[in-house]
Amino acid sequence: MAETETTPAGGPPAGSHGDRRDFLKWLSAGFLGLWAVGGAGALAAYLSPPKEAESSDNVVRVGRLADLHVGVAQLIRHGVKPFFVLRTDATNVVAMSAVCTHMRCILNYDRERKGLVCPCHDGRFDLNGNPLSGPPRRALPTYEVSVRAGEVFVRV
Amino acid sequence: MSASPKPGSKPAVPLSERLWRALAWLEQRMNVTELFSFLTHFGVIYTPIDTQRPLREVLREIGSKPVVSYARWPHILGLLTAILFALQAISGTLLAFYYHPTATMAYESTRTIVRDVPLGWLVHQVHAWGSSLLMAVVFVRIVRLFWDGLYRAPREVLWFSGVMLGYLVIQIDFTGRLLPWDIHSYWAAIRGLEVISTVPVVGPVLAFVVGGKTLSQDSLPRFYVLHSLVLPGLYLAMVWVTFASMRRVGLSRTDEAPPATTTFRKHLADLAIIMLLLFAGLVTLATLFPFHFHGAADPYATPKGVQPPWYMLALYAVDQVPVPGWIPGLLALIVCLAIPFLPAILKRTGGRFDERRVRIAGVAVFAVWVVLSVIGVIVERS
Amino acid sequence: MSGRPTPFARRAAVLGALALGLALAAAAVRSAPAPADAPGEEMLTAASGRCGVCHPRDRVAFEKSPHATEGLHCTSCHGGNDQTDKASTAHSGASWRGRLTKPEIPKLCGSCHSNPKLMQPYDLPVDQYALYQTSVHGQRLAKGDTRVAVCSDCHGPHEILAPNDPASSVYVTNIPRTCGRCHGDSALVKAEGIRDTYHAYLTSVHAKQLFDAGNLSAPTCVSCHGVHGATPPEGGDVNKVCGRCHTAERRYFLAGPHASGMSRGGLAECSSCHGDHAIQASVTGNLAADCVECHDKNSAEAKLGDRLLADYRGASEEIEQASKWVDRADAVPIETDDFRARVQEARTYLREAMTAAHSVRPDIMGSFTVRARSTGAEVTEEIQKELGNIRTNKLALIVFWFYVLVTVGILRRFRNARPQGR
């Protein structure tokens, strides 16, 4: 492999099979280029963060209905999708995303005005998730709530 | 690939010429050759470079002159040391993208790398196997330098830096082992720290630097910093010293014949082939014989079969002799200090030791070390 | 100051100090008050007077109880004279009652124990006698039946200890045996026409928890039947007590159709399926088997029972499969702690599904089995993917080497090619 000066055992003398040489050169370049492409692809695959394991069925048990007081919103810190659970009256519970659709700040619940307000730019949402004022343009995603045997479940 | 323009076509400026012109533009604004010469400090090219000349000229000269071919035995050992270190640095950096150096997250993040990140297992295993290969290569190089008497003037600095590289590699391995924070590495590190602490002066200082003999929450970040910044920095410094010395005293030659030379093209190709085969070998080892790690570390449960790392077994065996702990530690310290300063010691003995005698002494010391390590294993097992 | 003390003087001083110390210690030991004796056979207290000369066993038993230390004497209940050891004198006098008869006992005990002023310093309840009179024991006693329990049958006649004293006959682990003296006596039980509930209880999971596992919260006879007002259950009343510990089961039960249906039919809620005294740990197979006890074999209800069981079994199998795959992964080895944690989570959901089964509603129970099932399925899938990846990697290695060798060939061509004129 590491020989000293030897007679070149390379390709045929220049000129006689020029096309073949060119073709082989392009082929070699391409092959070597594949290393670069493969390496870049492998690097990209490695550096992309692995998907977070989604919880099964995406149904979150929030707690007991009896523990949710009317008019009080509870923030559920569910992974990257936190949401509010709010009991509007004795029988109705609503759930909506707690992430502002403007710049992704976490919202606060405003008891007096019965809505959600964003501490970053004062964006406001009503209890259906619709933006009322401020920079947010898109409505908050709302989630399906089911109450079974006194337990509250939210499907995010 | 500088293709000459075909006859009859408009004189198009080929890509290579464009690049050279861009380079000239840059050279009017900064000393690019100086930047390039940085490579020579780490041995990619170790011929001296005149940094006042334009880069194009320098490159042309390098490319046209014959190169002493060191991509062959025995110089390949040094080459591999450098290549493997570069591989370790790259794989280590990639691992660091996902690794969390805290006691609570270390194991989980390592497991994420190995199991969930695409090709993470490959990076991890390449790093693990690479470290074993690097240690082997550094060690073999020291043995070969010793055997061929290449510690004598004027190569004392090379011998010193070579031995220091060996010590550094051991320390890098020791600090790196703990990082996965799995049950065996945790306890092996504790055993290792115990063994180290028996060495007078140096031991307690080292234990202090890493945050104490008992591994706590704060030890792991320190191990991490040592492993990824401080020790590799020192290693690079030693590599730099090696090449600085090599530029002065030249590549070693065991006979009087002129050194074998080769063209730059051949040399470059040889380097590329070596790197490729080395990488392929590591990937093979990584796939077929992966290192496994078991369960997260539990400070309250010691598993069976915990040993100090293999390079500490000899000192561990000597520690078992019922004398105060600092005596074997002191012996170990003396031996470890003596080895890099071997040329000075030999000078002191005034030439009584010829090459053959030194070789025999060296083999004897090595044999003692091996026997002690085996004893250490046996003591552990019982 | 006269120079340094001589060696002799020093020795004398040390010895003197030692002697002084010893003397002081001896005095301290001697003057220390004698430690309070636990009531033992050697003690002769004022409580029993001289009765113990002829009645030693009763004296010993009495003096173990708090009655003796709280100012009661033998004569408090039996009357007579306790200062003499002559039987004729002792067993006489206006207050002499002698051996008490059964009908006398509850009233006599109640004369103190129903008096709030007397009991208030001890913070003891005063409703025992009143409750006793409502109980079957009390009612039958009032009618003249003396084959019932009175105070002394459960608490003992003389060695009456507090219920939290492990030596007491009414300590929690001793209660079954105390009740069982009658309710487990086969002759008595047959004669009275009642069931041997004591031995039935001993086979139950509650008894196993109480005696084998040492779980002092496990129910005993009094937990369900009441203490002094013990009454056998009518129409399922006792079953309401089950929900005091088994809260979740009761909540789910109330959410299902059985609650109203059984109360209309006058059926016992819990014991209809689980039994009353010989309650065993629940077996999942019974989920469908018990339905036909009340429902017709081919009815929709029985089919519902089968469906619930099938749902449960399906989820259980999914989990077992996942667990097997985790073991297989361990053998490779692949790190599996988090997989095991998820399998454990799935098992927890499954366990809750059994509790939710008390509602006999597939939607409620299903919300748990679905989660158990999907967690198990996910774990299986992920492990299979891991194992598949390992296989794929080995195959990819071959392709990789082909790639490497071709590249080496190209590099060699480059190496050995004559350089074009630079």
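A, B and C are the chain letters, set down in written order, and residue numbers restart from 1 in every chain.
One rule holds in what follows: a residue touches a chain if its C-beta (ideal position, glycine included) is under 8 Å from a C-beta of that chain, and two chains touch if they have at least 3 such contacts.
Values in this document were obtained by computation on a predicted structure and should not be read as measured data.
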Please name the chain that ends up farthest from chain B once chain centres are defined by their CA atoms averaged.
C
Report the chain closest to the protein's overall CA mean, measuring from each chain's own CA mean.
A
Length of the line joining the C-alpha centres of chain B and chain C, rounded to whole Å
63
Between chain A and chain C, the Cα-mean centres are separated in Å by 49
Could you work out how far the Cα centre of chain A sits from that of chain B, in whole Å?
40
Touching at least 2 other chains, the residues of chain C are 407, 414, 416-417
Considering chain B alone, which of its residues make contact with at least two other chains?
263, 266, 270, 273
By residue number and range, which residues of chain A touch two or more other chains?
none
Chain A - residues contacting chain B, complex:
1-5, 25, 29, 42, 45-48, 50
Quick one: which bits of chain B touch chain C in the complex? Just the residue numbers, please.
60, 63-64, 108, 111, 114-115, 121, 263, 265-266, 269-270, 272-273, 276-277, 280, 283-284, 287-288, 292-296
Contact set on chain B toward chain A in their complex:
1, 69, 71-72, 94, 97, 112, 116-120, 123, 260-263, 266, 270, 273
For the chain C and chain A complex, residues of the former touching the latter:
251-252, 255, 356, 359, 363-364, 367, 370-371, 374-375, 378, 403, 406-407, 410, 413-414, 416-418, 420
Residue ranges of chain C in contact with chain B within the complex
333-335, 337-338, 386, 393-394, 396-397, 400-401, 404, 407-408, 411-412, 414-417, 419, 422
